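Letters A, B, C and D mark the chains in the order given here, with residues in each chain numbered from 1 onward.
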Amino acid sequence: MNIKDVFTPFTTWSKVVKDPVTIKNPIGREAAPRYRGFHKNDIDVCIGCGTCEAICENQAIDLVPVEGIETKSGDSGLRPRIDYGRCCWCALCVDICTTNSLNLTNEYTWVDTDPDAFIFTPGVDKKSWDTKEEGWKKPVPNYHFYGQTRVPMEELHAEERVESFVEFVKGYSKKQAEEEADRCVACGICTATCPAHMGIPDYIAAIRNEDMEEGMRILYDTNPLPEICGRICTHKCEDVCSVGVNGDPLSIRWLKRYIADQIPADVDKYNEILYTKDIKNNNKKVAIIGTGPSSLSSAYYLSLLGYKITMYEKLPQAGGMMRYGIPEYRLPYDAIDKDIDYIVSLGVDIKYNVTVGKDITLEQLHEENDAVFAGTGLHLGRSTRIPGSDHENVYQSVDLLRDIVTGAEVPVERKVVVIGGGNVAMDITRSMARLQKAKYGEVNIITTSLESEDIMPADREEVVEAREEGCTIIPGYGPQEVMIENGKVVGLRVWKCLSIFDENHNFNPKFDESDERVFEGDMVIESIGQGMDLSYLSEDTKKGLEFGPRGRVQTNDNFQTSLPWLFMGGDIIQGPDVIHGIANGHRAAMAIDDFLNQGR
Amino acid sequence: MSELDINDKVKEMLEKSAENAGSKNSEKTFVHPEDEEREVIAPDGSIIKVNPIYDYFSGKKPTEEKPSNGVVEKFLNWARSESIWVLGFGTGCGSIEIPPLMTPRFDAFRFGIQMRPTPRQSNAFIISGYLSVKTLKRVIRSYEQMPSPKYVLALGSCTINGGMYYDSYSTINRLDKYLPVDVYIAGCMPRPEALLAGFMKLKELIKEGKGEKANEYARNFDEYKANQKKIIKDWNMPDYNW
Amino acid sequence: MKEILDRITPKYDLQDVSIKDDLQAYVVVEKKLAIDMVTYMRDYEGFSHFVLMSCVDWIEDNKLQLLYLLNNPEKKCVIGIKVFIDRENPSMQSAHHLWKQIWTYQRELREAFGIDFPGSPRIEENFVLEGWTDKPHMLRDFDTNKYAEETYFPRTGRSTNDPATYMRQKLYPNQPVTAKKNKDDE
Amino acid sequence: MSKIFDFKPDRSKYPAKKADGTLDVDLRSQKYVKLWLGPNHPGVTGNMAVELTLAGDEIVEAKTHVGYLHRGFEKLIERRLYVQGFPTSIRMCVAEPDTNEYLIARSTEVLSGYDKDIPEMAQWLRMLSLEMARLQGLLRGVPGQAGTFSLGIGVQWGVYLRDLILDRFEELTGARVYHMYIIPGGVRGLLPDGFKKRMEENLKEIDNFIIRIRQLMFDNAIFKKRSVGIGVIPKEWVDLYGIVGTNARACGVKRDVRKDNPYLMYEQLDFDPPTATEGDIYARSWVRWQELIQTVDLIRQIMAKMPEKGDIRAKMPNVLHWRIPKGETYNKLESGRGEYGMYYVTDGSDKPRRVNLRGPSYTHAIALLEKMLIGTNIADVHATMVSLQTCPPEIER
């Protein structure tokens, strides 16, 4: 220690002449652009999926109904309400937000005398910082709390798959399925959109937990045809998947298929897993017309309740449209058999090659049984009724598809034109492509539809895959005439379609006559929709029924017609698709049970 | 009495209190042996009964103080609002923002705010976040030792509804159950700027004559005490620490 | 690390030896040999820096796992010596004579897990809690959320909705429910 | 300068010891006084009480009381998902919160096997954030030592400069104190535009401060008088008491986790932990002051060496269902106060089984402090406590 040590500290006095560092007006000073301040939420973008609530470690977020936000498919109608008596401003809720609607602003001053005031619904309760732009947003790039991209499904290559009717989708492996299931945020928005209201997050959780048997039980709660649905469902759930808002939606359909595929095709095993080994018979009988999805579904749920079920099938095998309308490459027969065999094992009796109305009347069924369910589906093709459409080389897609399955001879020409833009049109297009490939070694099909590319009703992947297989798809043209030369079909004349519906939303297509094209073809296949065949209803029965628009039988919410013993469901009432049929069948089964147990 | 006798007596009493302490501990009464009611010998040899917890403090309940008349009260309120002396007791993590507040950058001194080392000189208490039960006991003692009128600022989520420690066995959830709070400031933790805004709000309240929480404490004293005693199991202190 | 383990494994009849990477290993030793082994590791193997003493409650096995974590400043490696003791009236030999800070850990474990270390100084004193009357707070069967809710008056008036359930109530309240089948019905 | 007043009590006579070796201090004998320092404490970040038994001005016994900031983190983290752990954990030490974030992230990554996947950019940003945290801790801590001797001016400067670093933190991480920046899998943001330039400006200011603080503290007669030869830690105590970090380095034991068990990218940085031999308060302050210089240098090195762009987070499982197989690990880093470690046990569920934090203060502030205080005066208690860089929240968690 020396004298220097006494004087050196005084050098700090040099600071006296420096400018002060004090901030003149610190209150309300702008925070950094990335600052994590108070919440704001774009409630029009938010879908109320509740992932913010799930990730909040402080239980600061509640989901509450908000006035003016309607609960609808894809939107729960709930919005997050945040308790600032809990929040720690970690912004995990922002980072996981599926819609990117929840953000933090860089506002940070909130002083109040009332402790109960610190609870608010961002976006609904107006706050001064709602208009602020700066603040914490989800970091970029490659910063995700759940997988953004779908695990790709392995498929046969286009050249390979067009060779045969072998199923080309390979299905997920265990690792792939678990990786895909891991992407689920378990919000449950999809459940409301699914016509059968399947417990989607629950069975996806079962995949994560590697508990396939539990997954199977969850599937069978609402859907007795998982193998079928896992392949050909129209997966409306995936359209509303919250993971899909920013990223690929979850492959819910493939995951369902994965669960069903893991259980071997063994009815004893099924019975063991689903606890259906011995069901008590309740001595009541129900007849079911048809063996399509709605019929099978109602048969299954009625069997569980102990009813004796007899099913009547016009064709030699069960499955209805699923077997006779959907090509094998999409839905192989062993998958159909697997689901149906289990339902049959519950004691369901299927009478094949019996046409109700011809071999047995509906009235007879009524007398022999306590109730009747009819799920007869749409098996009649609709015609375009354009000039030339009555030619023998103009076919209906349903008929051809059925013939392919039954093994009847199918006419295959070198050049084929298909009219229609739905999934059935794609099915026949791709089936014909396979037949052409087998017969001529090349594919030459033109498919045209009234709807333009963006509003084609067919699934996107169907269109893409059809093109991969060599089919030409030219949407947006309306057929005008089947051109016939020398008694032979030579092509289809079409006009460019400008609009399909008029301002009253009625079907009234408008064409641009100057844009005319001719699609060459030796045969034309019409696939513009199907009609129902209700010929099994006798005149007396028809009198007792009410009919709605387009010849549909009117039923109540439980698919009961005005004849209380007759229930109807499936494509003839709703749809057309498999999952609606399953949902109808389930609902009708419960209604039949209620109806028959009213006296109880 | 000779010195020897006194020593003997002391020894005897010590043994006795040690026995008591042993038996008391097993029943979990939480009173430290030194705080127990006992007899002591005065320098002159006489024996005095003492109860350290109650003898050294006033156990008297606090009373409401009526405001003065009109202009006088207004003047007093102005004076109070411009001299907020904060007790330097950082109870939780929010106190890390108090040094920046008090140093040149945010310089709270220019607003009449300063820290004091003892409750006897302070009139504002910053509860800077979570309060464990152990600290709450000290906070209550400190708060009660502050002269009226006194104000409480509560920082952060923790004081409002438990914050991120809502499920902790050790921290309280709602400060307003145990102490009357004037101003809440949201944040985890609030920035110094937000803290200053809170002080401005407090000044406003005082000027309007609404800074009457000390009277509220006196008015609802029994209720507050009941809540405090419910969670502070080892209540080895007087009921009011004045 | 490996050679050290090879040397001591037969000596102390170690079970369940796991090497994480070359610098970290965990071994399980019998209760009666534990303190002996810790002393040996300190005096002969150079593990002179005592890092941590911890406890894990394996309630499903009805065991408490004590951990002595030692660091070798020369070889820069860490060894965790694990001891399993009974969960009922847990007790362990005190190691306070080995390092000066161990009595603090033992005092904390006494309070947090209720483990007794006979002979450890100030073992009965409170460590972090004051006036605690419930069961030791770090045990798995002490439910802190329940305790907090019962004790600290959480603010009322909050309620939340599960999106799936709420949408069900709103959009399809009459959805049929299959009679839930389970094993018991079989 | 000779000592004006030299008090050397005869230790053989008092305080007497009982048969079991504990002190026989009878408060009622009127020879001793009991004094509680704390729990509100001006010198330490956080509340802690020291119960002193005094003979005159001399301390004959000291007992540390902690628990005033106890929140039961280790219990709370057991109730939270892996990704939810880091916002909770950082509150364990307010003085240098980033260390906790890193340990939680690192532990979960090691146990789930993702530790090799962390992008390089994220590693550099983690290191930057840790070094900035060390810097802001030192800016408070170094002049804080002077503060205990009532040299308040240093504290005023230090807190201002720390605030500048907090501004940079705010830009980078979105918060001033609780940054919540290091997340399992990576970090939560790239450097904002112009960050390096603004940081460099602040570092220049800090360079100036470092010189000033030397003049204020280390060339100061008062500071020397109050710190040289006081609060001495002998070298032998280092292992005996488990002393780590600057406290160990100040008595000549060169231990630094960054050097001994390098983590992140520290191997690519050029530095040598400063040491001293005396082991008193002055030496500890001196080591810390040199560390301040070194940290500024490290931040400059990091900013120069880090890549401009890159991924900030590895591809991890969905955080809502993230499960980690059964396992245990101990990870450590060098915080401003020394070896800071975390013992992390998982049991295969989606929540950790046990998380145990090893804060340096656990040994420094209890066993060591109680020993060091004996024989000193009341006025030296604060200085000793601060010189050990006591941080009570990490003791009680």
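One rule holds for everything that comes next: a contact is a pair of C-beta atoms (placed from the backbone, for glycine too) under 8 Å apart; a residue touches a chain by one contact, two chains touch by 3 or more.
All values derive from a computational prediction rather than experimental measurement.
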Chains in simultaneous contact with chain A and chain B: C, D
Chain ID, smallest distance between chain and overall C-alpha centroids: C
Which of A-C and B-C has more C-beta pairs touching across its chains: A-C
Mean-CA-position distance for chain C and chain A (Å): 48
Chain centre separation (chain B, chain C; CA means) in Å: 36
Distance from the mean Cα position of chain D to that of chain C, given in whole angstrom: 25
Averaged-CA centre spacing for the pair chain D and chain B, given as whole angstrom: 29
Of all residues in chain A, the ones touching two or more other chains: 21, 31, 57, 83, 85, 88-89, 115
Residue numbers of chain D (touch at least two other chains): 67, 70, 72, 75-76, 79, 87-88, 160, 178
Where chain B touches two or more other chains at once, by residue number: 104-105, 134, 160-162, 164, 166-171, 174, 188, 191
Chain contact graph, described as a line, ring, star, complete graph or other shape: complete
Chain C-facing residues of chain B, complex: 28, 30, 133-134, 137, 160-162, 166-174, 177, 227, 230-234
Of chain C, residues touching chain D in the complex: 20, 23-24, 26, 48-52, 54-57, 67, 69, 73, 76, 78, 80, 99-101, 103-104, 121, 126-130, 137-138, 140, 142, 144-145
Complex contacts: residues of chain D adjacent to chain C: 22, 66-67, 70, 72, 74-76, 78-79, 110, 237, 239-242, 244, 255, 260-261, 328-330, 332, 339, 341, 343, 345, 353-354, 356, 358, 362-363, 366-368, 371, 396
Complex contacts: residues of chain B adjacent to chain D: 10, 14, 34, 40, 88-93, 96-97, 99-100, 103-105, 117, 130, 132, 134-135, 138, 142, 164-165, 167-171, 188-189, 191
In the complex with chain A, residue positions of chain D that touch it: 1, 80-81, 83-84, 86-88, 151, 153, 160, 167, 170-175, 178, 180, 186, 188-190, 192, 212, 215-216, 219-222, 224-225, 311-313, 315, 317-321
